[in-house]
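Before I ask anything, let me first share the structure, which is written out below as structure tokens.
Each chain carries a letter (A, B, C and D) given by its place in the written order, and its residues are counted from 1.
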């Protein structure tokens, strides 16, 4: 057996040629258009989703909701010319907190619409589930079907999963933004988690650690800000609606790019 | 019964409030990004799909294949803020021909990924079926995940339906285009068709007419041209592969907008 | 032109070989498992959806909601071995009425999850839109994942469209049913409808007729009855929730087969 | 912080109420209908996918392909009445091997169509990706749309992923089966795997172990056998087609139920 070639790949399925894995090896390059809705939820509800050592943020209940339209690729995966392997839609919530006195965020709930993005999220500690996400687009033409990037333009985002509408929001542009969004700015700290199935070990995960996401080569463009709305709806198998807004702040629309090929483990949980 | 309110709507389901119809009433406003691949198919295969009085084009076998990423809305349908009701993807082929000596095109095969677009197509004589279409995007950021609108950038498009890959193509940009695409330029003439189900009348459709599409308020932007590739694949329930390219010409990427609320019946068939 | 072969097919796309049409020619054979929930809605709401000459039923507000898991095929379409072309899920509501004194039903709202079923419905006058429908199954094994066909077994059905939950219901079996469901029993009369797009003719459809469905070779099996629940939920682009139950009657689970290749036009509307 | 309630759940997202996790806690109960196609692939190709200590089977190249239509639930997840959370379709291949002289199988490639099933697979070491799977059904009625469970009935299965057809097969029933399928009978040994993303550790997974699946409360019914066909098709991001059949044996159709709440780790890899 010693002469058998090794099974290769970054994720399963590992395969002789290393091409079958659901997620090609990092680096992963991303570019997308994002609606960011800054808001405040019930402070107790936010405190209840902060993992491990993260303490509540002094700006109690601070959150942001993001609808994102992504295109992504690896260095050799061929995703850009077979775009079903690289494009996906995403909705997620981040909550503010403090870790050893530093401002951080954490993502308690997130949905995407493609399997490779789901798996890539799990690896980074994003607790992804599948959902259906839609976001208003602009195509740069002045016509009734295009809101345009201009004062008064309204962009909508919606999320559903398991056949229920779970979230919807809007951002109405008022002006190019000098500062950009801030609620989602501090470094995201997520929970990387992989359970055990052995009898008696269901509550002793094989992987359970607080990790800090690391991105590089970030760029932004076309940052606009304005007013926003956000609604979160309940479902029997969801709890994100406990983070429904008690106050909504600014909304933003941002084009964004970055690359991921690293992660820092902060603590075992 | 005379006091009952009338059932209202542009399409079924007709309803008391007129809000339930699959397709809201025209006008329909469209904006999108389009890959256009100009090519030539076997002239006999093209002649075989020209409906009724349309004669073969002197440039024998002239065709174009289009991958389009659309956003659309009606005047009061609310599609822009609930974008699952207005966005859709499309792939279609047009073939050149002559009608009474005038250059025209006709669309023998077309796929979209949403029901409202399917029905809107039938009403205009586009023989739509559902499929899954993906197209490379640009987001205007200079990064590995974004091909950009620039020389050397390659955009891909793919089509599948009933779980089979049916088409794929690429366009590699070389330069801004002065002239834009020409194979798909002549007015499209389609077959509006609605069959009968009464026994004995299956071959006598209730509607069978050659129609000329009418658009208004057209605008284009960001027209680039370059080289292209195109492959069409067969399936037991498809015949578009008979129109596979024998020669491929230029490829284009175009942003495009227009409005539809009219149609001209040219001939009963 | 006279030597060109004719374009063939029962629906578009018409094609030289006649294999590309979305819907193969009749007969269409169906078999499925169905949850039937008999109920009564607000009589005025029901009267408001009765088309043309259909008068309200003396049993005011009588309706039924059906969740159906279908397999279908044509004589030569190859659907049974490529089941993505023949299987689909369906939810629909029928309302009782009187036509010239005869008990009839009519279907104001219906959703399916596949394009061929959508088109086949339009041809028969069913005002189909696409949705996502799920129904509890039984597999004939006595185990926790299978409710079984037995007293106390509960089956659920759900409908969503455009990313919103629109309906959900349950049927709890109590006993094999002697009589079977009755609310959906009278012959269905639907509105066959195909609009015009020519300017000025948007309200003068090309086809607008009251039709009576015709089925043959019907068979039923495994008819059980019991109690039921039903909820209908609103959406900006829907009106079915006006037919929400004010009282729910019996529920049924039925296996059902029939064949369709005919239709009777009752009246021009 | 010590008074904050713990985040709960079997998988992420962990949540205060423990209801938001993608996969509810075991036990997981399954029932389904399965097509099993026994076949032999190129022995070298099979040897190349045997993980770690598993040696080639003396019956060189022995494999089976399975198309399965599943309904599943947990003890308290409510899946049976909201069936979008419990039903899924699956295609997978198993290859025979020897582990310490014992006959075993391993699953190199598997696709399902729902996220909860994807994650549940990873936890058990099944290298799941998402795909679209369709399987012919029988409804127990003697009619043209139902093949029936009888001599001469043919059932088909198809798989596609990322918009390409990847597999298709058929089973034609000849007789009730005394013995049932054997190629997939030995205990399945899979690779549980969870990668690291920290720079420099991409090839040192956090979890990489050979595990033996454990099921209980198994039951089978309606086992038929007959002849079979199988085709596996390639794709740029797949390698399952290296396991294409060189010889096809018997096909089976089986109804099957079992429960999973345990797993045995056999070796660290």
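Operating definition for what follows: a residue touches a chain if its C-beta (ideal position, glycine included) is under 8 Å from a C-beta of that chain, and two chains touch if they have at least 3 such contacts.
Just so it is clear, the model here is predicted, and its values are computed rather than measured.
Trainee: Pick the pair with more C-beta contacts: A-B or A-C?
Mentor: A-B
Trainee: Could you give the separation in Å between the centres of chain A and chain C, each centre being the mean of its C-alpha atoms?
Mentor: 39
Trainee: Using the average of all C-alpha atoms in each chain as its centre, how far is it in Å between chain A and chain B?
Mentor: Computed value for the inter-centroid distance: 34 Å.
Trainee: Which chain C residues touch at least two other chains?
Mentor: Those would be 82, 84, 132, 134, 158, 163.
Trainee: Graph of touching chains, which shape: line, ring, star, complete, other?
Mentor: complete
Trainee: What residues on chain C touch chain B, complex-wise?
Mentor: Going through chain C, the ones touching chain B are 1, 4-5, 7, 10-17, 19-20, 22, 25-26, 47-51, 53, 55, 77-78, 82, 84-85, 108-110, 114-115, 118, 122-124, 127, 129-130, 162-163, 191-199, 202, 206-207, 214, 236-240, 242, 260-265.
Trainee: Give the list of chain C residues in touch with chain A in this complex.
Mentor: My answer: residues 132, 134, 158-160, 163-165.
Trainee: Could you please specify the touching residues of chain B with respect to chain A in the complex?
Mentor: It comes out as residues 29-33, 71-73, 75, 80-84, 86-87, 132, 134-137, 139-147, 154, 156, 158, 168, 170, 217, 219-222, 255-259.
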